[in-house]
Amino acid sequence: MIAAPSNRRRSRLLERVLFWVFRIGTYFVLLCATYIFLDIGIKGGRTVFTRTAPFVNVKFLTEPPQTLYVFDYQGKKMELSDREFREWKTTHKEDVDVTSVSYSAGGIWPCIVGTALLVIGSMTLALFIGISCAIYLSEYSRDGRFIRLIRVAILNLAGVPSIVFGLFGFGLFVIFFGWNVSLLSGWFTLGLMVLPAIITASEESLRAVPQGLREGSLALGATKWQTIRKNVLPYALPGILTSSILGIARVAGETAPIMFTAAYAMRDEMPWQVSHWTNFFFQGVMALPYHIYVVSSKIPQNEYTERVQYGTAFVFLVVVMLIALTSILLRERQRRRLSW
Amino acid sequence: MPPKHILGTFDEALSSLRNNVLMMAGLAERTLDRAVKGLLQRDDNLCTTAIADDEEIDQLEKQIDKEGVDVLLRFQPVASDLRRVVAAMKLSPNIERIADQATNIARRARKLNRHPPLPEVEIIVPIQAHAMAMFKDSTDAFARENVDLGRAVVARDKDLDHMNKMANRRLTDRMAQDPKQLRGYLNLIFISRSLERVGDHATNIAEDAVYAAAAEDIRHQTVATAT
Amino acid sequence: MPPKHILGTFDEALSSLRNNVLMMAGLAERTLDRAVKGLLQRDDNLCTTAIADDEEIDQLEKQIDKEGVDVLLRFQPVASDLRRVVAAMKLSPNIERIADQATNIARRARKLNRHPPLPEVEIIVPIQAHAMAMFKDSTDAFARENVDLGRAVVARDKDLDHMNKMANRRLTDRMAQDPKQLRGYLNLIFISRSLERVGDHATNIAEDAVYAAAAEDIRHQTVATAT
Amino acid sequence: MVSLVEMPQAMPQQLSRQNDRRADEVNGAEIMIDVRDLDFAYGANKVLHDVTLDIPPQAVTAFIGPSGCGKTTLLRCINRMNDLIEGARITRGAIHLGGVDINAPEVDVVDLRRRVGMVFQKSNPFPKSIYENISYGLRIAGINKRSQIDEAVEKSLRGAALWDEVKDRLDEGALGLSGGQQQRLCIARALAVEPDVVLMDEPCSALDPIATAKIEELIQELKMQYTIVIVTHNMQQAGRVSDHTGFFYLGKLIEFGPTTKIFTNPSERRTEDYITGRFG
Amino acid sequence: MVSLVEMPQAMPQQLSRQNDRRADEVNGAEIMIDVRDLDFAYGANKVLHDVTLDIPPQAVTAFIGPSGCGKTTLLRCINRMNDLIEGARITRGAIHLGGVDINAPEVDVVDLRRRVGMVFQKSNPFPKSIYENISYGLRIAGINKRSQIDEAVEKSLRGAALWDEVKDRLDEGALGLSGGQQQRLCIARALAVEPDVVLMDEPCSALDPIATAKIEELIQELKMQYTIVIVTHNMQQAGRVSDHTGFFYLGKLIEFGPTTKIFTNPSERRTEDYITGRFG
Amino acid sequence: MSILSENAPARRRRITTESAIKAFFGSNALVAIVVLALITIFLFRDGFGFFGQNLANLRLYRRAGLEYVDIIRTQAQTHAALSRQLGDIRMQESRTLPSGSTLEAFDQFSAAFSDSGEFLNALVSDANDQALALREVLIAAGSASAVSSAEAQPSETAKPTAPVDPRAAMIALRTADEKFAKIAEGMKGKIDNLLAAPPVLSSPKARQSFEKWKKKTRDYVAQFPVVSQRLRQWNANEPVPAYRAITAFLFGRDWVTASFWQDWYGIIPLLVGSIMVAAVALLLAVPLGVCSAIYVSEVAARGEKSLIKPYIEFISAIPSVVLGFFGIAVVGQAVRALSQMPFMKWVPFFPISERLNVFTAGSLLALMAVPTIFTLAEDALRNVPRGFKEASYALGANRLQTIARVLVPASLSGIISAVLLGLGRVIGETMVVLLCAGNRIAIPDFTQGLGAFFQPVHTMTGIIAQEMGEVVRGSIHYRALFMVGLVLFALTLGINYLAQRLVARYRMSIG
């Protein structure tokens, strides 16, 4: 009636075509991601899972990394780990032409432990400071120029690259404080790295609690702290924790900040094997992401390295993805539950 | 009775209005009764009380208007509620006029009482009975929102007019025959006319009652259909 | 005139109501004028037109009530608006009664015209003038929302009552003196009384006008202060 | 009224419209929107039951009723705005607009919506300039001639009684207007595409009494030219602005008739109880 | 009313309260809240000018006026809710509650708010159970005895005319109630701490006519016991529920007086113009 | 109850508790703020030391005559480059003419040209040694104590060698002035002779290249007197202006570390690398991210939406090191393999030689940026009030019109800020570029056009990650890395700030 029909037909065609373009673009992204998951899942699965009971490669998950020795012995191809090779040597005195491939035998147990320690420590730190800071900013501070400045600073720091945090941690903790490459340095570096994100997310959660609840409580004669404790935090906390889990995924997944603050490429002792308990904090650890970096770029590549590369990547991916999945599921539930 | 309003105060205000109307009507009825009794029984006291009653009725009229405006202001009544309020405000002057007529009757009765009794006073009795019945029925129609009763009252006004005319004629004749009692007869004529007017007011009340109950304005209808 | 409402339709409705009242008052005035002229000039035609006019006035009364209810329903008027509407609805029956009285006068005039003229008819002239002036002023007070004028009208009713009483007395005397013309004098008495009633209604109108303009209910006040 | 499907392209001759309309009337249709035996459900939740009513042209029709009784739903059926809601559908009956079934497959919903304008409860001007807000509908209809658009903008702003207040700042953002002005802007925007019907869903509920009065006044003026359907919570408002009123209760149309009738002497007890405040 | 300063701590003996009040009245003070020469500003923006009014006890006082005229601001001054807003402050004048200057340094704002309850425009029940909502105020006041709380919950729910509707589901979430019920719950919550004054800021503006009527009815009942101050956009509502009405315009109190007077015969032209809809 | 609390101690207690709680949260906030301030301070503290050291480094470069030698070296290198180009021309020629016979003349010509630089190379080599010796002396003399880089260990190398008088050494070095003039003379003669009798080429392409080469060579020869002049005018004691320490960093085109000769810390190659990688990533990610945001928020069915959205958010949790590993293991190979496919021959710069290059890194980073862009853009689209959409539909717009004219404009600043935040993320990403960008510290050869995007580069983040572990703390290299970090910091801060501003504006305009 208003537009000419031909005009309308054209615009309807255009609409259809463009929507298909959008759809293809979207599915292309999904496809790429799926390919990555499948590739790592299948190839890594070969390392981590076994065909026979208990179906999980327990050794890979519970042993430290070792050097792999490959050689031909009596026409048979031998692939032995460091320890096995030494044992084998005790029985076989003859000289063999050995190719040694570092890290390619054994497992990744210390890396898993190290990553867990790093995550737990840094998140404890970040959550404690971050939530307190958010409470102060959103509930107590009076909106002045200074507070606004701080808010802008925090928002912007959230986007600073992790490598810069690594650099900073290296400069401050490792060198200036002299903590060297240690758990403590790693905790602080990682903790400070996620701090802006946690403050922002926490503040957002606090802000999502309707002002009406605060006013309602204050109008009943509650003090500020009573109001916060009974009528703000309980409703904000689930949101804060949910978004913090995303922070955990990020902490667990980062490599750059720990490269020179906390991670060792190889360490024989487990973290609890320390002479004095204070040393616990000042020891470097192995970590999954750094291990992946090391095995995929620092050692010569050959057919024997693929096993440990994909295996580590697989384990790491599964761990991080599980954390992320938890966070996403929790958030979906949260969104559905909270509707004031 | 219709169900209650959510606003209890609305119900209260409406029923207060209604009660005032009914109380006013009751008072007017009593006044009229007393006035006529004063006439028939030649009792000056009754006449005086009848005249005194008027004051209260006047105040009730003002009260009803005040409350009516108050309800309009506060509750913005619609439909039956609005009709009830409007009817109450419109019929209260009629009751007031009935009371006025009763006062008139009482005044004239007092004058008559100063003279020897006239036998023709009996002529008033059926007129009074008719007028009073109409008035009672009209308030009843309003109180019980009875449309049929209301309509019936309107129809009965014709008879009253007729009775009044007859009384008029007879009294005028008597007057001509007995010029000595001229003033007495004149008073009786006026009393009869007052009672006729009571019927008119009862008709008005009945019309308002019909309006309140059925949203129908039945005033001036015979004429209207005639045009 | 107060400023306009945001809702133009509200202004329209209010002025329509007001115009109807004024038109009704104009008609009633004309009817009354005609009736009295018919009496004085012994002109039956004028009387008949006066009687016929009543019909229109009755319809206007119904119209005003209808519009009043409509305004109450749609606009929930408050303050002066509400008072105007209530006043219009309350004073229209008074105008209607004035027209009725005019009809009565016209009827009785026609009767008088059938008989030889009575010289005492002159007695009516000042009464009519007074009543008419009161009526005109009361409508004026309403139209112009003039409180002082309204109050003045109320005060003037006393004079009218007195004039009526005097006329009554004289006519009764004449009646006793001249029983032949008894009916004629009786008619004149009733006419005088009708005019007195016109004054009463004018008083009511004036009271309503004062209420509309100043939110003050000045009815039945002398009595009230007496208690 | 000619069929939606076959109606000739009328828009470019904007001015011919009023004449068209008069011609329509001569053709005799006294019903603009004809809702017949309508059942409507959101998923499994049936919210309208057997609604039948005829909305006359060039008049204001109001829907009243307690919260959740389906007023909005019916209104949004008329321009098929409910198509946007998943699972929402008419399960029985039909709505005819000028004789054409609006849910017929050959009816273009875009055309329908252009013909049936809508104004929402919360005023929703686009965050663009006043001018762009009004011209939006024209542009999407493919009208790009500046002079034509200028003319239409002025006309519809005048129509919405907003021209004098905004004519000097057409290029300023619409969000700078006051609440009442924004709502009138939304009305002007709906008028710009020259609809036949304007649907309004509680257009004054977020406004203060003054702004409300202005919009009511506007509605009174608009009904000279448009068929208006309005949902309102404010019974007095329905009484003031509408010519016909429908009372809904629990998804049923309890009573439909002239507003004066409904408000002075409704036939149904439930209507009376609701409008006099005797419910619940 | 005896001086606030010397009044014995009444809270824990909740039941003694009504008697106290009667004693207060005998002592003769007829003014509950006394606002004198009040100027108020948000930063540099002065929004109240020289407001002076006396709010009587055990009555409903309504504030009306066009949007943005400062009604809410004044209301929130009375329980110092404006303390929460940065830059908002009283620049001149004072508010006395029962003879005590509420802004005096020795006045504890927490106590003040416990004494002056507030109900907000948008109902804001805590997302807890109905029971917890009501008991919240008592608990923060340090009352933990279950029997005492139970009693107070029932009493205030009855007071808010909600008891019969919710008595069987006190442990269900308050957000499951309907809008009108939520608002009554908020009123009950405010009543639970036995305030002297209850402030209500447009408590019905988000509700439909039925819920509104219920709350109005409730307010009528509450005024037997409480001093109530209500802000409303709905003039009819002010007329219905209040005993005294103040009309505000551009931050000034134009007129304050008995509601009947204001609505039948206001002294000020501007009041008349506003209530009769002659503004703008 | 009284508003003047009768129970004064309780009230006082309450107020103290309140303020204590407030103080507690306040101090925590302060900790966070102090720490965040420390970051900036530390980056600056360690970074700014760089400029002093760099200045000393540059001064030594001049005082030791390294700069002088480099002038001569440039000539030698240009000559070598010209020789190489001859080789290229020979390739072109041989490709069109399979028979090798005609190339003999050209080979002779080319050999002769190559030989003509013989003396020049010898001169450079001599001067080189002299300058290095002089440098050691100067370092030993402590004039360059600032240069404490690990590779120039002064204390150990300087002591055993007999102290040489720096002035004498410099004079010895300056004899090269004369030598260069002479050598140049000789070279000019030889080259002129050669140019007088150039070999004839058959392939038109080769001929064209050869003509170009000849012109360049003539220019080269013509430069000799100028260079000679410059050498003579060169003054070891001419002071190096302080600003050079900064410009050498910001505009320096070389990043050379641990060299025996002279270290250069110019950020340009790293910056270019970072920008190229980011450009590729955004070029891929922006259309994909925005498309999918629109698709999910407006087009997709509800079930589809509830699957796609979490899935894309899920992608954002893939650790970068895993992506980097995947790049090495799969993508790099695949890209190279694809470029070697016969059907891809038409692309001018295919096949590519490097597995790890800008494109590999960029495409992986795109996958990281898509979720960021998608999430924020989808948020922005979803936050457009429902009313706008309904109003548009009610005016008779179809879905595309509504999207294009209402939704996208209303959320535009949100979308732009999403893109900016995506850029910030890409620029700051470390592991993927470290693993997949190829790590060649050089500005790619842009003469290849788009082919430059298939060359390896190094990036700012990558260089820090790679070299930080091995540097000596406090050394100029260490500080240079901090400077790179600072640049990175400033860059991302700027991008972020811009994005925040945009978001704030869009919140305001819609809110």
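Just so it is clear, A, B, C, D, E and F label the chains in written order, and each chain counts residues from 1 on its own.
The rule is simple: contacts are C-beta pairs under 8 Å (C-beta built on N, C-alpha and C of every residue); 3 or more make two chains touch, one makes a residue touch a chain.
This one's a predicted model, so the numbers in the text were calculated from it and none came from an experiment.
> Which chains are shared contacts of chain A and chain D?
Touching chain A and chain D alike, sorted by label: E, F.
> In the chain contact graph, what is the shortest path length, in steps, from chain D to chain E?
Tracing touching chains, the least step count from chain D to chain E comes to 1.
> Quick one: which chain's Cα centre is the longest way from chain B's?
So the farthest one, by centre of C-alpha atoms, is F.
> Looking only at C-beta pairs that count as contacts, which pair of chains has more of them, D-F or B-E?
More contacting C-beta pairs are found at D-F.
> Provide the C-alpha centroid distance between chain A and chain F, rounded to the nearest whole angstrom.
That pair's centroid distance is 27 Å.
> Would you mind pulling out the distance in Å between where the CA atoms of chain E average out and where those of chain F do?
Computed value for the inter-centroid distance: 67 Å.
> CA centre of chain B versus CA centre of chain F: separation in Å?
The separation of the two C-alpha centroids amounts to 108 Å.
> Give, as an integer number of Å, the spacing between the C-alpha centres of chain F and chain C.
Comparing mean C-alpha positions, chain F is 104 Å from chain C.
> Multi-chain contacts only, two chains or more: what residues does chain C have there?
Each of 5-7, 69, 73, 75-76, 78, 82-83 in chain C touches at least two other chains.
> Touching at least two other chains at once: which residues of chain D meet that condition?
Residues 110-111, 114-115, 141, 193, 210, 213-214, 235-236, 239, 263-264, 277, 279-280.
> Provide the list of chain F residues touching at least two other chains, using ranges where the numbers run on.
In chain F, residues 14, 396, 398, 401 touch at least two other chains, as defined above.
> So in the complex, which bits of chain C are touching chain E?
Interface residues on chain C, with respect to chain E: 2-7, 10, 75-83, 214-215.
> Chain B touches which residues of chain E in the complex?
210, 213-214, 216-217, 220, 236, 239-240, 260, 263-264
> Quick one: which bits of chain C touch chain B in the complex? Just the residue numbers, please.
For this pair, the touching residues of chain C are 55, 58-59, 61-62, 65-66, 68-69, 72-73, 76, 78, 82-83, 86, 89-90, 93, 172, 175-176, 179, 182-183, 186, 189, 204, 217, 219-220, 223-224, 227.
> In their shared complex, at which residues does chain D touch chain B?
Touch list, chain D to chain B: 235-236, 239, 263-266, 272-273, 275-280.
> Hey, which residues of chain D end up touching chain E in the complex?
The contact residues of chain D facing chain E are 66-67, 179, 208-211, 213-214, 233-236, 277, 279-280.
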